[in-house]
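Quick one: the structure is below, and I'll ask about it shortly.
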Amino acid sequence: MNTFGRNFRSTTFGESHGKAVGVVVDGCPPGVALAEADIQPYLDRRRPGKSPLESGRQEADRVEILSGTFEGKTTGAPIALVVSNRDVRSGDYDALRDVFRPGHADYTWQAKYGLRDHRGGGRSSGRETLARVAAGAVAIRCLAPYGISIRGKVVEIHGATEPAAMEEEIIAARDAGDSVGGIVEVRAVGCPAGLGDPVFGKLDAAIAGAMMGIGAVKGVEIGEGFAAARLFGSEMNDPIGEAGFASNHAGGVLGGISTGQEIVVRLAVKPTPSIRRVQQTIDIAGEEQEISVGGRHDPCIAPRIVPVAECMLALVIMDAMLEQAKYRGLGATG
Amino acid sequence: MNTFGRNFRSTTFGESHGKAVGVVVDGCPPGVALAEADIQPYLDRRRPGKSPLESGRQEADRVEILSGTFEGKTTGAPIALVVSNRDVRSGDYDALRDVFRPGHADYTWQAKYGLRDHRGGGRSSGRETLARVAAGAVAIRCLAPYGISIRGKVVEIHGATEPAAMEEEIIAARDAGDSVGGIVEVRAVGCPAGLGDPVFGKLDAAIAGAMMGIGAVKGVEIGEGFAAARLFGSEMNDPIGEAGFASNHAGGVLGGISTGQEIVVRLAVKPTPSIRRVQQTIDIAGEEQEISVGGRHDPCIAPRIVPVAECMLALVIMDAMLEQAKYRGLGATG
Amino acid sequence: MNTFGRNFRSTTFGESHGKAVGVVVDGCPPGVALAEADIQPYLDRRRPGKSPLESGRQEADRVEILSGTFEGKTTGAPIALVVSNRDVRSGDYDALRDVFRPGHADYTWQAKYGLRDHRGGGRSSGRETLARVAAGAVAIRCLAPYGISIRGKVVEIHGATEPAAMEEEIIAARDAGDSVGGIVEVRAVGCPAGLGDPVFGKLDAAIAGAMMGIGAVKGVEIGEGFAAARLFGSEMNDPIGEAGFASNHAGGVLGGISTGQEIVVRLAVKPTPSIRRVQQTIDIAGEEQEISVGGRHDPCIAPRIVPVAECMLALVIMDAMLEQAKYRGLGATG
Amino acid sequence: MNTFGRNFRSTTFGESHGKAVGVVVDGCPPGVALAEADIQPYLDRRRPGKSPLESGRQEADRVEILSGTFEGKTTGAPIALVVSNRDVRSGDYDALRDVFRPGHADYTWQAKYGLRDHRGGGRSSGRETLARVAAGAVAIRCLAPYGISIRGKVVEIHGATEPAAMEEEIIAARDAGDSVGGIVEVRAVGCPAGLGDPVFGKLDAAIAGAMMGIGAVKGVEIGEGFAAARLFGSEMNDPIGEAGFASNHAGGVLGGISTGQEIVVRLAVKPTPSIRRVQQTIDIAGEEQEISVGGRHDPCIAPRIVPVAECMLALVIMDAMLEQAKYRGLGATG
């Protein structure tokens, strides 16, 4: 299943070391001003090689719109966005052809499909998130006229919560041939009340699915999240006054529907599984092997997950906006 | 959206104080032995009024199979399961008709739909989970022949992790007219490797969406979950040997696909929002009101979420089993 | 797959000789006045036993709304509609337990599922259409405030096109222990232009799928239909003037999208496969058998397909109305 | 909605005069040998400009596989197929920018979206079918190892049924600045019994939706089709003997499920709406205009619909094969 969303549907394709990575965005409203320049900045933020703490893979990641716009506006037709792969050093991966890297999808994909494109993780590579970011950028563009904006940041790395300390943790891990995890927070401002569909289309359920679907994410929480388990009801409940909610422990969602407050989501990101330190694993024949994963890898993936998480949140919200608009667009129901 | 699942689809219906609550299970394989007696025990576990710490609402919650079986076996046709509502004291809720209970869906449903069935929360009531449990019981029945079983438990209440201490926390909260949150853990044993569909159908993403879609759940984590954010890669990665994985920090899922190990999920459950303690809110006219929520409520909802979480996990796994079976059933692809 | 529709979703359940037949309608807008009395007339029109030319099965077919309304209006929650089966003479079918009736689904269901509820066709019985009619009646109720109405009729029976001649054909067939086919026409008036979603969600494609999905239907055509194959373009094209289209050869759909004109659909209905005349078949062991199908059967099913076709058309149009409303409800897209 | 299928999902994109037309095929089983050379012949058959009776647009229509294969085999990842547009004479269409061509989607798209890419029909162009053919070619490749093959042909043009007479009808229409319709027949050989999902996923319903979703198709019939309306049940029913069905009036589908016989489908194709003869229409301001549609158009589109119809049938059957494989792949259900 490579399609995300019910109303605003993004179908991604492409492998790390194939010809291209891309996405088809279907269900975008007509009449939205959209050009490559609206999408490129998000890809640039996601792009590797921007700092010494990130993977050294050099990719221009230039997006091209193949369809769905006419004279600078969306037409309602599907929008195909494609990014070519260029800096493809598949040779780096020859040694990994028949070995399962711990913490990666190698073993499970082999178990599922009986074969796999091992080069750079193939389809399970983080490079696939490029397509999500491109689609999310379209959603962000669609949401802007409604005053909805989304912003994420890293709030914790390996236990550290101050920027300088976080950077030190990454450097120390890198120098040790190791990696570290972190926590990313994403917030959406300006969402109207009423987004989300009760029972199985809850806004928070959609968010949780979207976020846990990002590689390396092992936990998702909304508002107080796990801290809610340690609160009294009288602490957790957000009182309501004439001016609106007096607090936002709920994180902007009640009963699966947006309250109109800020939507607050946090993700737990595991340490990058690719590390230089020697690990124990097996090969495709089941024989034990020691492995040290070279190549170009981020010692902490959390910073690069920020734009991906923002874009996934945008996709969820845009989808909910369209769902909600159905009733409004229908008008009086008599 | 009241349907859950792509291959094993459960469509629930019913309100807390309507005539009935039920579910139609579509996509169940033919030939599975199934009777009311296979489903009833799960409803009994979920049923309120079993202990002094739970809601006093008395419901027999007898399930009836209306369709989809013939001579004791499923036929491949949709299975309709219905439970009548009996102990409906709608009068308890008259005072709440025009007032929004803090922490509940009252405000957001009104914002979304412009009207609502206020009696006992209507469709957003926890009573809707009865339908999920009925559907989940069918899934559990289907999974049994494959050696897959699921078991959940409460692992923390308001910070306490020992059974006696947890019970004390609930009693103290109840006596104070308050409520407390907790953490529920659910585990699935016996799943084959290969379940889950990469990119947007990841097994852990489906689990996260399913769990966050349970009312009162504010966080979901798999394996190490949020603790992964504080680990090194060398600690988090599960080494693989000839005998299989040497540890299970991943919680049974890598790259969105099951590893064949135990699947381990934890949910953060917020304190029951219905509390006797006076809270600040507004009514439908926007005027401020003080509210004390009477009626019959659990001071901690975590224990009653256990069977719901088990059943949702069963639904996700059964859905993934059918998805995976497509390729196997097709045989050699040449 | 027992669910129809993307936005207005109807999930049907129930077998001919089971406990009940029903449907869950999900996605109905809130605030629509709806009571059993709005649905019952459609079931009454579909009901067997109204004339000597129809099956003699006596069923009250009383519909009950189990959920989704509050104080006489829909709430946005799923609407469960159930009709109990009463006049169940399963014994009539004992002789057919292991024999495949020609022209019926007996052979194919056995091939697909390996077992089947043989009583009255089980799930493949025409009685399942009762659930479609109940759902369609809700759609018709929703469409009324927009001035959309739907009406069908039998236009041909066994080649005859005049009412008296059509009745004679049915009587002659019945008396000969045989059955006859016919053609049903359904028209929708009042649809706005713009319904239907290009490429794979075309309005006419959805209509064709809906109609061919009715048992006994072997052909579907829109507007000129098969006659279009014998026309020149200059005859087929509908000229457009200031007052609108000058003709309606297209049948109200161009490029898969409604033109605002009347939507005109015709269905080819095969002769009822259940006939008294002796036919050649095999039993479950593959041995040849002669069969004469007794029981209570319509010698021509076309008249009873009329309300079913109307209701399916209503479901398609309501679904398209909601799809279209998404863009309107979103407002200016900037 | 630009996605077709539930299990074998094809998402098409691209406009007649945009940069490219393409498709993402999701759900293809892993391990299928697939190269551009498997797809190109189908595009070549669909390609315009092969005969003097077809549109003179010159396109190489070279397909490129961007993703989803590795070392010549499918991997289970989505397969992106792209064809660049080259012979784009958009200037031909400048005169049509603000005028609605009769019989085309111009008016309805404008009504739906409020704007449109008028060049060559934009997204509603027959050129979009190129993407369907590419996807269908993948399905055909997948079906081959199971002995399933599909073949279509034109069986009638403007009433003529002999090849020479059919060609004469096309020439006469072309010379008169007019166009003619026809009937296409498609047959699938080798399908196992059991394909198709009862009630709303019937095989014939899926076929009807797929075929009516091809531009210019106004009618679909299976087996006897409309002729069934003029038969007795004793003529229509296919007797079953030890050697199987004795005839195939049903066209290979009973109760929505394949019988194992040949699947026989016929489509009514309307005359090409683009004709040189002067027609009455209006422009975007609602003012009446006379129009003569120049450019490069087929005087009869039926022959070029043959490969499209074949490919759509392949998509439906492959989807049903995967659906059916779910139960088989699951094995014994106990």
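Letters A, B, C and D mark the chains in the order given here, with residues in each chain numbered from 1 onward.
Heads up, the rule we're going with is that a contact is a pair of C-beta atoms (placed from the backbone, for glycine too) under 8 Å apart; a residue touches a chain by one contact, two chains touch by 3 or more.
Since the structure is predicted, the reported quantities are computational estimates derived from the model, not experimental observations.
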{"item": "Pair joined by more contacting C-beta pairs (B-C or C-D)", "value": "C-D"}
{"item": "Greatest separation from subunit A - chain, by CA centre", "value": "C"}
{"item": "Cα-centroid distance, subunit B relative to subunit D, in whole angstrom", "value": "44"}
{"item": "Euclidean distance of C-alpha centroids - subunit B vs subunit C, Å", "value": "36"}
{"item": "Mean-CA-position distance for subunit D and subunit C (Å)", "value": "25"}
{"item": "Residues of subunit B whose C-beta touches two or more other chains", "value": "1-3, 12, 30-31, 76-77, 112-113, 123, 198, 324, 327"}
{"item": "Interfacial residue positions of subunit A with respect to subunit B in the complex", "value": "1-4, 6, 12, 100, 102-109, 111-113, 123-124, 128, 156-159, 173, 176, 178-183, 193-194, 196-202, 204-213, 215, 218-242, 246, 250-251, 253-260, 268-275, 277, 279-282, 286-288, 302, 324, 327"}
{"item": "Contact footprint of subunit D on subunit A as seen in their complex", "value": "1-3, 9, 11-15, 18-22, 24, 26-27, 30-31, 64-68, 70, 73, 75-80, 82, 112-117, 122-123"}
{"item": "Residues on subunit A engaged by subunit C in the complex (per definition of touch)", "value": "7, 29-33, 74, 76-77, 142, 144-145, 198, 321-334"}
